[in-house]
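Which chain is which? They are A, B, C, D and E, in the order written, and residues in each are numbered from 1.
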Amino acid sequence: MLDVIDLTAAYGHAQVLHGLSLRLEAGRIHSLLGRNGAGKTTTLRRIMGLLPHQQGRILFAGDEITGWPTPRIARAGIGYVPEGREVFTALTVRENLTLAGRIGSGDWTIDRVMQQFPGLHPRLDAPAAVLSGGEQQMLSVARALMTSPRLLLLDEPSEGLSVQMTAVLRDVLVALRDQGMTILLVEQDVGLATKLADDVTLMSRGRHCWAGTAAEFAQAAGVRRRYLGA
Amino acid sequence: MTAFWTLQVLNALQHAALLFLIAAGLSVSFGLMGFVNLAHGALYMLGAFIGISVAAQTGFWVALIAAPLAVSAIGALLYLCLLGRVARLGPMPQVLVSFGLVFIATELVRIVWGDIPLVLDPSAALAGRVDLAGATYPVYRLFVICIGAAMAAALWLGVNRTNLGAALRASVENPGMARAIGIRTERMFLLVFTLGAGLAGLGGVVAAPITAANPGMAVSALIPALIVTVIGGMGNIAGAALGALIVAGIEVFGAVLFPAASAVLIYAALAVALIWRPEGLLVAKGAR
Amino acid sequence: DTTVGLMLPASGNYAALGQDIEDGFRMALQEAGRSNIRVIEADTEADPQTGLTLARKLIMQDRADVLVGVVSSAVLGAVRDVVHQAEIPLIVANAGNSDATGKDCSAFITRVSFSNDQLNRPMGEWMAAQGISSVYTLAPDYAAGQQMIAAFSDAFTAGGGEIVGGEFTPFGKTEDFGPYLAKAQASGAQALYVFYGGADAVSFVKQYDSFGLRDTLPLYSVGFLTAPLYLREQGTSAAGVIGALHYLPSLDTPENEAFVDAYQKAHPDTLPSEYVVAGYDAGRLLVGALDSGAEGRAALAAALPQVAYTGPRGPLKIDPVTNNIVQNVYVFETVEGPDGMTHQVLDTVEAVRDPPNGCAME
Amino acid sequence: MLSVERLGKSFGSVEVIRNVTLTVNAGERLVILGPNGAGKTTLMRLIAGEIAPDTGHIRLDGQDVTALPPDARARAGLGRGFQTASLFESFSIAENLILAIAARMNGARFGRDPLKSHDLRHRARAAARQVGIADPDAPVASIDHGTRRRLDLALAMSGGAKLLLLDEPASGFGPGGAREIHDLIAGLPKHLTLLVIEHDLDLAFAIADRIVILDAGGIAHEGPPSTARPVLRAIYDA
Amino acid sequence: MFRLDAMRIVLLVLLLAGMQVFAMLGGFFGQEIVAEIAILAILAISLDLAAGFGGMVSLGHGAIMGVGAYAYALAGQHGLTPWPAALTAIAASGVTGGLIGAVSARMQGIFFIMATLAFGQMIWAFTFSARWLGGDNGMGGIARASLPFSDLSQPMAFANYALCLLLAVFLLAAATLSTPFGRSYQAVHDNAARAAAIGLAPRRIRITGFAISSAIAGVAGILAAQHMQFISPAMMFWTTSGEVLVVLILGGIGTLTGPIVGAAIFVTLKYWAAGWTDHWHLVIGALLIAVILAGGRGITGEAERRLRHAFR
């Protein structure tokens, strides 16, 4: 589904990714793990075309999307839940969703996402600025779904979610996977990440350092300690 | 006496219509795109002068269409070559570049059209006067009221009945994320900027039969337009219309009832409005 | 050699007037065939600070022998003290503030244009004499506007008329006169008397006409309203407007005919405005003083007021009491002529001289 | 230390905080739990003075502070951590901390440059170390998410705050980081009073002396950690 | 955030020395220009304090400067000697700024700009029509300051005096920004919510900052009145403030040296370009745009960035 080959990225003069490679099988949940500052967020931003293109290639569903402008990447079917939510605070919840729905294929409607996140329903016409942290996080996921993606990139989606909502999110992601969506999950909650994931990739200082299935990861205690300190 | 007040109410409406045409484009680029476009007054001025030149060749009606189109084209060109790049740099560079454009446009107008004020004669069909509730009122001024009202309605529908307004606000707040949900921000900004320029051009050509076009108008049109935008609330068509009505009302009835204070009245109103509602009377939906 | 500092606005609101004055001034120098006059231009805009800076530059750095120009009264007010203290002659070619040849007069300041009083006073007297009994006034709210209306009102009421109302419109920001025209109409006055210039003059006449007030409320003005500069734009809207000015291109005198011909050689299809004439007469005055043998600041200052001649606008001399010009004032009606709008003289008030108004030189 | 009496707050027609009464004793560690949108952050904003309550009173050390602005409450000893890190973006990490430390020091407002003070710089570095920030001279604009969260916490604690309000302090930390933060908060000096909002139950139970569960704007439960589990289960399963 | 580093000190010294030399060699008009640059630079520094470091972009600074100038002239008329008159005028400007700030401090961005525009225009309209202040004709006969060792009626002496005042104002501004107050002021600009949470009172700090900036604008007003010995409401009109804003952004906002560079360029260009074209505004406009396209930081900001780069 997604092939990332030798990707580099930098902020000004600070090189952050040094030739990262990733391979995502379709219809699976893939966890990308690493310590703070490892470059996880940078990887996702790079895939979305939100950072200037440097070296490397990105292939998505047979297309080479390297260097495409972001809107085109989004329209090609990649949904993005950014770190820190980034909902449009000046817009209402409904506007956030309909806007994203403009490029969707229509199989995700406001009603359908409301079924997944009923907590948002009473707040539909409130400006996103006044939502609680957790509500904004749900909105951010819901917004990405409205674009009807084939591949969903999630950057720490459980941050700020209550235990109960985290469980809801987990169920949603599993259901999406079962419907055939491919998911790339960056998550600090290693427990959640490994419980959900089919495949796991570890990265450290902008480089890929371990990859395997979830089962293999569960065995690899040494790797976990070394790269995650857990 | 009623004829007198009818006349003044019509004057206020007519003044509001002109203010609305200038302010609407400013409000959209300001409130929805976050672009501090001080060159808006210059586009307004170009609308007037181009309209006058076109009308001299082909008559009023052609000018009424051609001038806004020409100014739109100028706006689009400016955006593509210059302002699009500046838009990303933040408000201070925007102020500076658009101020620079005011200087340049003013001098170009002086070079091309000279320093002597020019007027546009409306079509003969609009030249007469009609009797309304005892008052005799110039047809052209009624025409201005109608154009203002029609544009207000069209814009309101355009911004509120499509997702355009929301998409713009989203793109301004967080361009990266807006692009990540598939909004083609650049194309949309270009469209909106062009539209705003066209509105300014329309305002200019519509105003030209009433107030003489002169190179000073790039600057003098700016302040009332800014006041309308701020009092009405940014990025909000209904707000721009309301602001235009309020400002026009204050100017016209201030001139009638408190002539001695009429120079400061509008600023006093602005100060009061800001103190009462520091973010404009009608704030763009959703913004805190 | 004589060095002239020409202080005129080349940019900003008054740029068109500046251009006309300069054209006239250069015409006079050319006519005299003098090649030993060096002219240094300075763009004063309409800004007193800039005007003052440049006046000082002309006086101190360029060592000018005489200053010519000054369109805006605010600039004149700003440079007055410097000129007086530096004892350099200044020929005022426009700015009409009556005080400059009244209580603030100076032996070094000679005016060849007009004073606000000089044009408005005859108009007040003339209108009263016509049997007009009530007038509504409008003018921009600044010193010159107030001075003009005051001079008019004094003369008009002294002649038995009554000012039934009036308004000063906010300066520089009134572009729509609709509300004021409605007020004037409702005042029940017999006539409307106004002072407007620049873009305001054009808009005002257009708007006055569009409201159809011509039949009910005839328009009188100090003549700048329908001056040659604006007449082409105003077109037939200006028909019937009556005003008073010190010069009209349509004056039927041999001096004027020659002048208009000469001007039109350089500016085909354009009639000289009163500003061209002011510039021209400033030049004539200077040339006249030089011809009398004067050289240097002090001698020029003394010689300038002595010059008298009959020029395009008729007989012209300088009143030694105030150093203001003494000239004819023409009351005219703006009418449609064979080729466009023109002015038809209704009456000539001869040799109008301002009272000293507190002027005490030295 | 802190007492909140019959506090109420509505936004438009939505009643977000309903009649909440709560007391926090000096040195106590109180954790607020509750579902998303329960009103936890709103309660904290009321206590910090960022928004004004519709009804009720807030007392700090016995003094009624309901009408005081946030800065006055901060000077009275209240330290605030934000749910999304709130930093001085054009300053470095150390300078952020210096500002926070200097702000609470009474003294000449027109004295020496605090950013150049060795003493303050020293204290700022110590404060950065305390939350595990390695490079205190980095400009804030270039640091990663985890470091931002750490700095936010450090800003809350700096300058001798007596009562810390922390809104989800452990969120955004990496797997190893979360444990660090647990230890860090658990190891804070005992005289500090803590009011913490947290979704991470492990952390909550590790540090809490007392747990308050907020649901739909009201207090659903209050008591020692041992009593909280069944209530939580009831709320979360509903 | 403000730092008075070596680069800025070097630039300041070079600028002041350059202007001194220009005044010495440039004859009478050169001296006049240097004085004018110094006045504009002081005003731009004052605006930099408000806009660059406090985020309070003001279109009322021309009017606030005018209050200083008129207060100085009035105090002189009422018999005060120049120095006490100057103190009165600085206080008048500071208080005016404090009042405007008190009303406007809670507004942000364009709303703050418009509020300052409104108050500035009210001050202008009042002065414009106040007969006792000379109305639009202005007031003349204003005294220059007197110094025991120098005759300020000499243009060269006055230019030096203006440069000294400029230096003093620069150092004062730099020092203010480096005090605990100054740092708090910049912190409030950066993040008001966080500033309040660490115990800084944003509103009070903003008002104080605006008042200080206004007092400095008053210094510019006094100097302008002394230089021209004539004042008129033209200096209070909003376009004056707009021009200062342009000077500030052109030179580099938030640098404190930028205002001096911007003022020097603006004034020289104005007189130089006006010497060969009536359309000198065109030249200025094109320059403004060029500067922004070169990087958007203003001349000083851009130069500093390049130098920092080169030295690394």
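We take it that contacts are C-beta pairs under 8 Å (C-beta built on N, C-alpha and C of every residue); 3 or more make two chains touch, one makes a residue touch a chain.
Note that the structure is predicted; figures quoted are calculated from it, not measured.
J.: Determine the set of chains touching chain A that also touch chain C.
T.: B
J.: Centre to centre, using CA atoms, which chain is the farthest one from chain B?
T.: Of all chains, D has its centre farthest from that of chain B.
J.: How many angstrom lie between the centres of chain A and chain D, each centre taken as the mean Cα position?
T.: Whole-Å distance between the two chain centres: 29.
J.: What is the distance in Å between the mean C-alpha positions of chain B and chain D?
T.: 48
J.: Starting from the mean Cα coordinates of chain B and chain C, work out the distance between those two points in Å.
T.: 36
J.: So what's the Cα centroid distance for chain B and chain E, whole Å?
T.: The computed centroid separation for chain B versus chain E comes out at 32 Å.
J.: For chain B, what residues touch not just one other chain but two or more?
T.: 107, 110, 263
J.: Please list all residues of chain D that touch 2 or more other chains.
T.: Chain D, residues with two or more chain partners: not present.
J.: Please list all residues of chain C that touch 2 or more other chains.
T.: Residues 11, 15, 141, 170-171 of chain C touch two or more partner chains.
J.: On the basis of the stated criterion, which chains touch which? Give every pair.
T.: Every pair of chains meeting the touch criterion: A-B, A-D, B-C, B-E, C-E, D-E.
J.: With touch defined as at the start, can you tell me which chain D residues reach chain A in the complex?
T.: Touch list, chain D to chain A: 11, 33-42, 83-84, 142, 144-147, 167-168, 171-179, 199, 201, 232, 235-236.
J.: Spell out the residues on chain E that touch chain C in their complex, using ranges where they run on.
T.: The contact residues of chain E facing chain C are 27-29, 32, 36, 125, 128-129, 134-138, 140-141, 155, 224, 228-230, 232, 234-235, 274, 278-281.
J.: Help me check something: in the complex, which residues belonging to chain B touch chain C?
T.: 1, 4, 7-8, 11, 14-15, 18, 107, 110, 114-119, 121, 129, 136-138, 140-141, 209-214, 216-217, 220, 224, 251-253, 255-256, 259, 262-263
J.: Chain B touches which residues of chain A in the complex?
T.: 48-50, 69-71, 73-75, 80, 82, 86, 88-92, 95-96, 98-100, 102-103, 127-130, 143-144, 146-147
J.: Using the touch definition up top, name the residues of chain C that touch chain B in the complex.
T.: Residues 11-13, 15-16, 19, 141, 167-176, 178-180, 182-183, 185-186, 198-203, 206-207, 210-212, 229-230, 233-235 of chain C touch chain B in their complex.
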